[in-house]
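Structures given as structure tokens follow.
Look at the two complexes coming up: subunit A is in both, with subunit B in one and subunit C in the other.
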Partner chain A sequence: MKKFSLLSTRAGALFLAPATALVGVFVIIPFFWVIFVSFTNRTLLGRTAVDPDFVGLQNYFALFNPATFFTRGQFGFSLILTIQFVLLSALIGQALLGLLLAWLSQSVTPTLKSFLQTAVIAAWILPEVVIGFAWFAFLDYDNGTLNMILRGLGLPPGDWLLQQPFWVIVFFNTWRGAAFSMMLFNSAFQSIPPSYFQAADVAGATSWQKLRDIALPLIRGHVVTDLILITMWTFNVFTPFLLTHGGPSYRTEILSIYTYRIAFKDFEFGKGAAVGVVIMLINLAFALVYLRIAHKKPVEAE
Partner chain B sequence: MQKRTQNIFVRRTVFAAAATFLGTVFALPLVWFIFAPFNARAELGLAIPSPFTLSNFATVFENTFAMQALLNSLIQAAGGVVLVGAAATLAAYALSRSPIPGKGAVTYILLLFSSVVSGSAAMVPIFLIISAAGLIDTHLAVILVFAGGLLPTAMFILRDFIDAIPRSYEESAMVAGASPLQAFFDVALPVIRPGIVVVVVWAFVNIWGSFLIPFILLRSDKLMPASVAIYSFYSEAGTPIVTLLAAYSLIYSLPVIALYLFVNWKFGFRFFGGIKS
Partner chain C sequence: MRTRFHSLLLSAAAAIAFAAPASATELNITCRCVVGGVNSGMAEWIEQKVIPAFTEKMKAEGKDVTVKLTQFGGEDEQLTQQLALDFSTGAGPDVSGFDGFLIPSFVQGNLLKSLEEVAGPVVAKWDGWQHISDGTKALMSYQGKPYGIALGTDARMIFVRKDLFKSAGLDADKWQPKSWEELLEAARKIKAAAPESFPLQLNAGVSMGEATTMQGYWMALLGTGEQVTDDSGKYIVSSQGILDTLKLYKTIYVDEKLGDQRAQLLADGRNRTFANFRDGKTAMLVEGDWFYRSVTAPGAEFAVADRDNVMTWKKMPATAPGKGLRGQDFVTVSGGTGFVINPHTDAPQESWALLSFMNSKEQLTAFQEIQPAIRIRDDVAIPNSPFLTETATTLLPITTARPNDANYNKISTEIQRMTESVVSGELSPEDAMAQYKAAVIAIVGEENTVSTL
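Moving on, here comes the complex of A and B:
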């Protein structure tokens, strides 16, 4: 019997039209437009706002100028800061902590499990401005909860946002995003047949051995997925702006905040667009790796 | 054998202690939020309110600017959600059911673009496109930008969902004489509904909580959503008016918490919520 189609090609095209238009205008066109703008000296105000000149690679030369590349507040400094931020807060912080949280959740009582998961997920679902303000209060020098605890323990308090701003955003982002890795690993662990662990229990394996020798090899695909996704998100995240505004003196100015400052504070759209292009190229590399793996997955799951 | 039992006991205790510790560490930055909204003299320090009072909320409710901002958040989130929900459902259905050539490629390209064109990379061109369209400082600007940005993922989730529904549902309806449109609206749509709910909740939470897009696209106070308006609760010296901020933050967070509980109750918060832009 011939399989008849439920929706003719024409009706299908009609169904696709609204989504195509929206995605086209607000996702695809910006992709090409940002490349175009990065070759101009477009600004927000003045003559070059209406009639920008084509400047070739000048914006890119300015970004990669070796004389200022590593200077604080310049592109190179921001790029390196962002890489450190991603390595520490996503790859080490969120992924390892998420793994630990998921593993702990497997082996504690249901009450404790729901307490743990609620706390971790609350950090993740609340709106970012609320979280930013909560941390501002948490880190306050005179009255903040953190310094209150440190004083209570007899430890010296600190003005963390001024003294260690980079570590603040690293811990902040780890705390904020660990829930995703935890949930992904939770569902990964649940996909492992319990009999594997029971057999290991009979053989007297420790929890660490079970994690290392049974669970981790089986969820390798999930681990890779997790690492790529959280890397991409952390690389593009803007939330630390709400806590530090990129300061003090550019010490927490990751690339997303740098782009914002160049484009919307200094009004240099051309240069801001060039930063955007670099960000997109890095995103593209990660996305291609991810899609390649995600496409392979059905085979791997056999 | 006894040693074994002892080991298990020790292990359980260590695990429970670790879980309690980590849970507490995660909760600590938020504990302040449980008390400050109900304390008329709240400061940045942790303090149990004495007495518990709702006066901070009363102050917020009297602040027309603050209430307008919540309404703006609602307008922008609702507008975005309607667009995303409708366009994504139609598109996902077409991708799943119609014989359009190159469907696989479309999905692939959409996913690629949506992950490459992030808010931080595209803030300049998005601002320029909205400028060129004359939409700067309008609700519509925020709604459209979010609809475009969230659609690829929404379509992807819904397509998976529709692919899992047997075609025989609509086929039998059409054998019985229904038109393709009737098959879509009367047969397929009710079955897809849980998927749409998930997408709609996800989109709502994303738009409701976002800061960057309205921050760069809006200028006038009367259009600001709560996420941006919250920064007006600072005194002229730049210090936050803590009592107002705390109460307002709680009100502003309530829809997100309610939706989370709803999804959790209805579907189990497994992995739907795992997809976040």
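Moving on, here comes the complex of A and C:
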């Protein structure tokens, strides 16, 4: 292949230098700094703030200590909770609801379709703090909208944030994120030639058959991309904090909230950094899978 | 077009330059105080009394100083969190409200400097020190050096609603529990008379922070004759006292539902306990004198209607007479909050001038008019308040202080977790104590702990 370039290598490097410096200062150095800190018992308060000790892998051993691994408020509990949260709210909730909404909106009138999409996207574009507060007000036991409606209907009110905190954040995240999957599937469906569906209609296929046998196989690549992206986002999401603060009794303390608590409420920088490194590794695995599939896609399309 | 833009920019720059003459000093002061909200009296005092008078005084000395009060409306723990992060990065207010028990951990973390290190020899020359007793000076000191000045000390007790007692056929005026059993017995009677009420509230849980440890755990633990540490300063991690305390929590919140469990688990729980007391749902609330002086004061958010006739207070009993700390029949614990100076302040002299001015005789006397309390200066008169004189004479002689230790803050968090896991019904008292033991050993090392079981 003939090498073609507008600039000499040296000039190119010169142009790259500012960006490299910025990335170095704000990404690369903190990255290695976090790894370094995770091998110390550095804190913000107390003696170890000024004079931290090198503790080797002790922080990591503490995270994976089998004696406390499954205890509420410990790393293992948060990890398992996060996996459940991702499975239920992202993979089942967001992706399935998004798919359903996108599929239904293919067959409704344009007015209804745009109304539906506006409502769903509104949930997605509103700022997190606004949403968090709105949901908190909606679910409050004493004066919440939901309980007012229930009481109005003569039903017993529910203490949602205290009794069912995990299902609250699952439901919340599903509601919040379904718009992305819906939009992605929507555009994917539109890329399918209408003649396929018309032919199926002539053959008398039901909506379910069309979805299963025509639409889904054709948008498989989109589905995988969507699943991986929302998995990564949901894995790192912090917004449930606004609803429950990770409580009560750590019952909604997903990994991002756990990290925040360890590092910035308990001020255990060393241990917090260790959790950060573990999360980084998990995300790296997700990213590798995603990149792998993204690279494969053009081949598939051919 | 371009010249016009330039001239606009220039005049804007000039306006900014003139608005802030070089000689002016701006001081920021913050506290958990909001006019019309939490600690309203303190905010009013600083805003209306301290700041105008201080600006005036500085002007007379030829200095142009402006002071701005930032009213922090969040929880104590959130202010602590913000100050820790601010002080570690050289940011933050010049003078800040601060709880004395945090001083050791902040000092060891190099986040606070002693007043003398910040402002120099002028601190030692302050004439106010001779009016402040060593005991109150110690509230904001570490290893003999003052890091701030406390506003005063406090004490804890049971606040009682007489009307609820009456409706259960009890006479609150004559009642003074002498054991936990008598306390629980009264709560049971009120619960039987009003099944919807939460007669007895003893703080627990993580979200209340130090209020859980001080108003809840300590108040019960002292009644078993123990403290958080033993006489040599080692942390007690497994003992009959801890177990009895946790069992008391279990009785109140899990077994007999005498207290409002939700208020101990939800994020805004402490305000819920205040609201319960105000609304006549809670008959007995263990709280600090702050609850009387500020929280339920007339005009405040949680003001108790007809307070003089409805509300009274009782001493917290030991498990049984003579079983409390030092063989006492009744127990209480004290702390102190005050103000510290940011070690990174740009204006150490002016900050110290402000802090000492706040603690001058005139200013503390002015504070008395807004919110009467026992002040740290012996030349500030105690107002004629039966509540203050009574609590001072009966509680301060039997009081206890928290360990002045840098690890206490972390241990306190573990205590809060331990109480939460019992109150939520997640763990049995035995399991919760075992978890506490493991956590404390991880923090201070096994050699600094003792087990008596």
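FYI, the second predicted complex is superposed on the first by the 276 of 302 C-alpha atoms of A that agree within 3 Å, B and C clash if a C-alpha of one lies under 4 Å from a C-alpha of the other, contacts with A are read in each partner's own complex, and residues count from 1 in each chain.
Here, a contact is a pair of C-beta atoms (placed from the backbone, for glycine too) under 8 Å apart; a residue touches a chain by one contact, two chains touch by 3 or more.
Computed from a prediction, not measured in an experiment: that's the story for all the values here.
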**OP:** Decide which partner touches more residues of subunit A, taking subunit B and subunit C as the two options.
**Re:** B
Original post:
So, A:Gly204: does it touch subunit B (first), subunit C (second), both, or neither?
Top reply: first
Original post:
So, A:Leu6: does it touch subunit B (first), subunit C (second), both, or neither?
Top reply: first
**OP:** Based on the superposed arrangement, let me know which partner A:Ile121 touches: subunit B (first), subunit C (second), both, or neither?
**Re:** first
Original post:
Just subunit B (first), just subunit C (second), both, or neither: which does A:Lys265 touch?
Top reply: second
**OP:** Using the touch definition from the top, say if A:Ser105 reaches subunit B (first), subunit C (second), both or neither.
**Re:** first
**OP:** With the two complexes superposed on chain A, say which partner A:Leu22 touches: subunit B (first), subunit C (second), both, or neither.
**Re:** first
Original post:
Should A:Gly56 be classified as contacting the first partner (subunit B), the second (subunit C), both, or neither?
Top reply: neither
**OP:** Considering only touches as defined above, state whether A:Phe31 meets subunit B (first), subunit C (second), both or neither.
**Re:** first
Original post:
Can you pull the subunit A residues that subunit B and subunit C both touch?
Top reply: 264
**OP:** Going by the contact rule at the top, pick out the subunit A residues touching subunit B in the complex.
**Re:** 4-9, 11-16, 18-20, 22-23, 25-31, 33-34, 37, 42, 97, 100-101, 104-105, 107-109, 112-113, 115-116, 119-123, 125-131, 133-138, 140, 142-146, 148-149, 175, 178, 180, 183-184, 187, 204, 206-207, 232-233, 236-239, 242, 255-256, 259-260, 263-264, 269, 272-273, 276-277, 279-280, 283-284, 286-288, 290-291
Subject >> Touching residues (chain side subunit B, partner subunit A) in the complex >> reply: 4, 11-12, 15-16, 18-20, 22-24, 26-33, 36, 43-46, 83, 86-88, 90-91, 93-95, 97-100, 108, 110-129, 144-145, 147-149, 151-152, 155, 167, 170-171, 174, 180-181, 183-184, 205, 208-212, 216, 227-228, 230-231, 240, 242, 245, 249, 252-253, 256-257, 260, 269-271, 273-274, 276
Original post:
So in the complex, which bits of subunit C are touching subunit A?
Top reply: 77, 81, 84-85, 88, 102, 105-106, 108-111, 206-207, 262, 265-267, 406-407, 409-410, 413, 417, 420-421, 424, 426, 435, 438, 442
Original post:
Residues of subunit A touching subunit C in their complex?
Top reply: 43-47, 49-50, 62, 67-68, 71-73, 141, 159, 161-162, 244-245, 247-249, 264-267
